[in-house]
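Dumping the structure here so I can ask a few things about it.
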Amino acid sequence: MSRIDGRTPEQLRPVTIERGWSKHAEGSVLVSFGDTRVLCTASVTEGVPRWRKGSGEGWVTAEYAMLPRSTNTRGDRESVKGRIGGRTHEISRLIGRSLRAVIDYKALGENTIVLDCDVLQADGGTRTAAITGAYVALADAVEWAQQKKLIKAKAQPLTGAVSAVSVGIVDGVPLLDLCYEEDVRAETDMNVVCTGDGRFVEVQGTAEGVPFDRTELNALLDLAVTGAAQLDGIQRAALAVERG
Amino acid sequence: MSRIDGRTPEQLRPVTIERGWSKHAEGSVLVSFGDTRVLCTASVTEGVPRWRKGSGEGWVTAEYAMLPRSTNTRGDRESVKGRIGGRTHEISRLIGRSLRAVIDYKALGENTIVLDCDVLQADGGTRTAAITGAYVALADAVEWAQQKKLIKAKAQPLTGAVSAVSVGIVDGVPLLDLCYEEDVRAETDMNVVCTGDGRFVEVQGTAEGVPFDRTELNALLDLAVTGAAQLDGIQRAALAVERG
Amino acid sequence: MSRIDGRTPEQLRPVTIERGWSKHAEGSVLVSFGDTRVLCTASVTEGVPRWRKGSGEGWVTAEYAMLPRSTNTRGDRESVKGRIGGRTHEISRLIGRSLRAVIDYKALGENTIVLDCDVLQADGGTRTAAITGAYVALADAVEWAQQKKLIKAKAQPLTGAVSAVSVGIVDGVPLLDLCYEEDVRAETDMNVVCTGDGRFVEVQGTAEGVPFDRTELNALLDLAVTGAAQLDGIQRAALAVERG
Amino acid sequence: MSRIDGRTPEQLRPVTIERGWSKHAEGSVLVSFGDTRVLCTASVTEGVPRWRKGSGEGWVTAEYAMLPRSTNTRGDRESVKGRIGGRTHEISRLIGRSLRAVIDYKALGENTIVLDCDVLQADGGTRTAAITGAYVALADAVEWAQQKKLIKAKAQPLTGAVSAVSVGIVDGVPLLDLCYEEDVRAETDMNVVCTGDGRFVEVQGTAEGVPFDRTELNALLDLAVTGAAQLDGIQRAALAVERG
Amino acid sequence: MSRIDGRTPEQLRPVTIERGWSKHAEGSVLVSFGDTRVLCTASVTEGVPRWRKGSGEGWVTAEYAMLPRSTNTRGDRESVKGRIGGRTHEISRLIGRSLRAVIDYKALGENTIVLDCDVLQADGGTRTAAITGAYVALADAVEWAQQKKLIKAKAQPLTGAVSAVSVGIVDGVPLLDLCYEEDVRAETDMNVVCTGDGRFVEVQGTAEGVPFDRTELNALLDLAVTGAAQLDGIQRAALAVERG
Amino acid sequence: MSRIDGRTPEQLRPVTIERGWSKHAEGSVLVSFGDTRVLCTASVTEGVPRWRKGSGEGWVTAEYAMLPRSTNTRGDRESVKGRIGGRTHEISRLIGRSLRAVIDYKALGENTIVLDCDVLQADGGTRTAAITGAYVALADAVEWAQQKKLIKAKAQPLTGAVSAVSVGIVDGVPLLDLCYEEDVRAETDMNVVCTGDGRFVEVQGTAEGVPFDRTELNALLDLAVTGAAQLDGIQRAALAVERG
């Protein structure tokens, strides 16, 4: 039994990572997970927020947003509403935490890197695509900072790679990398953030309909780990290419 | 080796649930997990938000907040800042989702129940205390609505119980129900929301320091399940008493 | 002819002052005027707002708020609305002015004390309960600051005590300390803030229905002064006890 | 001993009331209390706020604001700050309550009158000038509504006149109608709103420095009543003239 | 064929400029273009915004706003709405740019002048009246700063004069200085800001109905230039008088 | 003498219009003017804003925004700041007016089309690129609405085409379509919006440094008209292709 887009349950959507998408940002990636497209830019600035000054340590943070018509029906702009919604806040925080998990603040020195993840087109999995793409933009930004000598020689601020994937149970079947239609129908939905060596950074599982048991949880975690391994390979391949 | 407050790793803090704390609310609970104290009130109103009108289904939502001096240093009021912070948004949403997991919207009918969880004193685990207490307030509010005939005879909007507990790894040891000092030191921090019959509603694990592996994740889940079972018993005991 | 709760016209509701309610705050009081319950915390910080720096003088300010379900019907949170209402502003300013009336800024030195008065349950007279309780929390905070040597030896920042009580005319009869139902029915409503020695700090009288004349005004002031004297005694008794 | 501007203690500043200042508003007055100048406009609209619909009763409300350079140093615009300050809220509410004290809602019918009081130049007493001027604008607006048949024939929405004046104790001497310099130096400051027949609508006394006693309070009230009587005469004279 | 108010197509409305309107501001003008009345105040402060510090250069900026009942129907206050509307922003920026066009920042030195333009009564052309009046207030403020020695001896911050006028095509006829009724009916509407020597600072033409061609554009520009020349004369005459 | 990017003064940058960029929107275009890239989406909804209901007429509006790192240095998000800046407001309004100039509201019927113009990369001329691209997205959305029968058979809501281009004087030379570096250096900067038949919809000229005279103005207008004619051709060519 195949999925709506013909995939097998344990198959990712086509994932592409286009580096150097923006001429201004120190790192920039247009990442696609199927029809989900997120523009991730990394901005490096010298100095850190006030509460961190003098610590000798850097900071990495992230902001996530959706363009108003990235979705099937147009959403009001948060700038027009004058406030950021809960979901936006939650995802921005998740992306920031995920990237900080592979950052050595000392090695980064008192520099700040902001990752902006703007969803140009949404079809499920925008937060996982954002994390996966933002890591690559971050890696490029770190390299830029090294070349500009903002970071001490031999210091290596990145302690590993990080990527994310969604998994869920639809009609009783655990599926990898849900598209929007699957996401809507999922009984359980989980986002898993893994390091390149297969350990967990974040595990967020939610019962959308009925609560889930330990067996289901284990099946989802197994699936997520295989997805993360594939994403790690795709990130490595993207970063192996000379930057455009 | 014992914990800072003398507990064993798998021991909850003293948990108390004081029902009928407020004379105005349809359900109200002052819940304590050790020094963490949260006032949970349930407000029932006839009718539902616009997007749900005419569906015949009810709605349950939650708002979480901290009093400015519930913490060790005073925090600015979000009303004064004019905006709600990301953490507040995130926890409000988590509480709402957790309670909705045990609600049968049809049985509730077109009524809305709002759970307000206000932290009077914080010492770690405010969100898990909030969920655990809010469930009891919700149960009282549902009973009130049944007595007021807002809910159809024989309709049972509650499909089960729900409680939450934190677990984390501190100095390599998995601990149940972290107090603030443990929470700060935890390498991995996880909040687990369970139904009364031991299934999962939410699993949110975060690597604060180093990423965690599957073995650690399993140990934490095991611990959480035992804590949830105890909390379920405490909730049952509280609800068994005639309401004040 | 007795009142709705059996009191005589010149009788206060039962007033309780529970010190040391919070483990974090430098001063904290749960004050009750009948069913009205307000949590007052005093937070001491070194330093003063920018406009006062270098003056050698301290500052005392207050913030008042109501929990959403402290009232009979739930009110929207001001943090969610993104703005503070006029009533909240007005009462916060009143509390701040009232407490500053008994503060010697020079003796306080460049320290700031913020009084947070959060209404947990409202039944009329929340602002007068808040002022009466906040004074006790302030006294505890001042003592704490003295012990911590934030305040110079022998300096006495408190120049007196302060308390507040409402009075009003209901069905032509002047009443002391109105509960909610009386407050709603009052033709004239007055809040009076007095020092411990019976002088006035604030007098705010409002004709809710018909304007009032000088005779009525005098009767209300007489009543308020007797109430304030009783509250002063209750505050003294509370402060006479060794702090918990 | 005379005052800074040569007045005797019980003397008002020159008060002028210029009706019909604006060509658009249903009532408009430029009122001056010495150098304090406030533009008061009354806007009549059919219908009432939602919470009052179907009651057959009208509504009167007020908004007060200061132009940024109405004061000696420029203040930031509240529109630019994105929020209304406590003082503005407090005065707007005071003006609204004062005017509503002389309104018969039934006679007004389901019409709303909004009084905008914008301070063009401030020199103390802006709220008392605003109330005094707004009453005249309100009277003109009511007459306009009568002519337009928005109000039933013979219905008389105004039940009396209302004016306001400040009093205060400066260097131990009770003074009427404080200018800015006196206001700053006052030990006690009181705003009194009276009806045309000399009864009280609002009495707001504040000890700026030392608390005040009953004798001082009585002296201030006596002074305020004489001032209000004079203002009532000035309002009558202004309204006796055919509207421009 | 004459216009609604009897003017010829190339005739301005009566323009008056009343200097020294406010006792507090360093420059203040009540300007009228017919029934349009705008209060323009200029506030001088030492120092410049952060981004300009240490440059040795000054700054001039402007804020425009309308009183709620300056128009035929009352508009909500932007302070109450909590946000500034697009039109307000646009006009504030236009006024600021127009005045900066005749400012020599170096000669001004590190001083800031803020022009507040508050529309007391609107009848079309509020932005052009504001610019024309604000220039005169600015000239007075500059002179004040020279007398106070805030500006170096012999430094002349003003490099010329600036005024503004609207032009538009109504029923196919180009008209100068549109009143509100003409503005509403105009097919094309243009605001032109000119220096005293007849050059352009801003040209903003908008097709309200059908697009306009080059011939129409030229006719409007011709008309605007003649209007600007007259306004320059009126400004000179106003400034020639000794300040009140 | 050639320009920074080798163009002649009267030469446009390479302009590309990629239709059907988004799978969700009824019309979507990625437009490039050199390195300036703007994503324009058109969202069609049945119904109109409240103030237009029952008129039988439609509405077209626009919102412009820049991604935080579309520029050389990262700008704070307006959603995070909680307010929309003046420049954003101004450009959104300009785009809306420009598109409405070629819309027949009656033919559109009671439908609303919102154009979102999000700048992905900025290099000068973002507003002109936005208008030029948004017209094409609008044309596609209108066609979609015709196919969906939201618009009456034979009704033609588009009365013409519209495009926009910037012109400016740099070092005394009038240049067409300024890139960012030229824009910064321009003495005069003008944005011109033209219909496909060469008439003007908007003309906005600003003296950035010294005021400009009529001769310069004429030279800029001449240049703009030739640029608009070329853009009209590019739009026609893009729309001639079958939609992807």
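Note that the chains are named A, B, C, D, E and F in the order they appear, and that numbering of residues resets to 1 at the start of each chain.
Here is the rule we use: a residue touches a chain if its C-beta (ideal position, glycine included) is under 8 Å from a C-beta of that chain, and two chains touch if they have at least 3 such contacts.
None of the values given here were measured: they were computed from a predicted structure.
Chains that touch both chain C and chain E: D. In this entry, A-F is the pair from E-F, A-B or A-F that repeats the interface of D-E, since more than half of their contact pairs coincide by residue number.
The distance from the centre of chain A to the centre of chain C, with each centre set as the mean of the Cα atoms, comes to 50 Å. Inter-chain centre distance (chain C to chain D, centres taken as mean C-alpha positions): 28 Å. Distance between chain B and chain C, defined via averaged C-alpha coordinates, is recorded as 33 Å.
Chain contacts: chain B has residues 82-84 touching two or more partner chains.
Following neighbours round the ring, chain E first and chain F right after, the list reads E, F, A, B, C, D.
Every residue of chain E that touches chain D in the complex is listed here, in rising order: 22-25, 28, 35, 39, 41, 43, 45, 63, 65, 67-74, 77-84, 88, 114, 116, 118, 120-123.
Residue ranges on chain B touching chain A, taken from their complex, read 83-87, 89-90, 92-93, 97, 101, 160, 190, 194-195, 198-207, 210-214, 217, 221.
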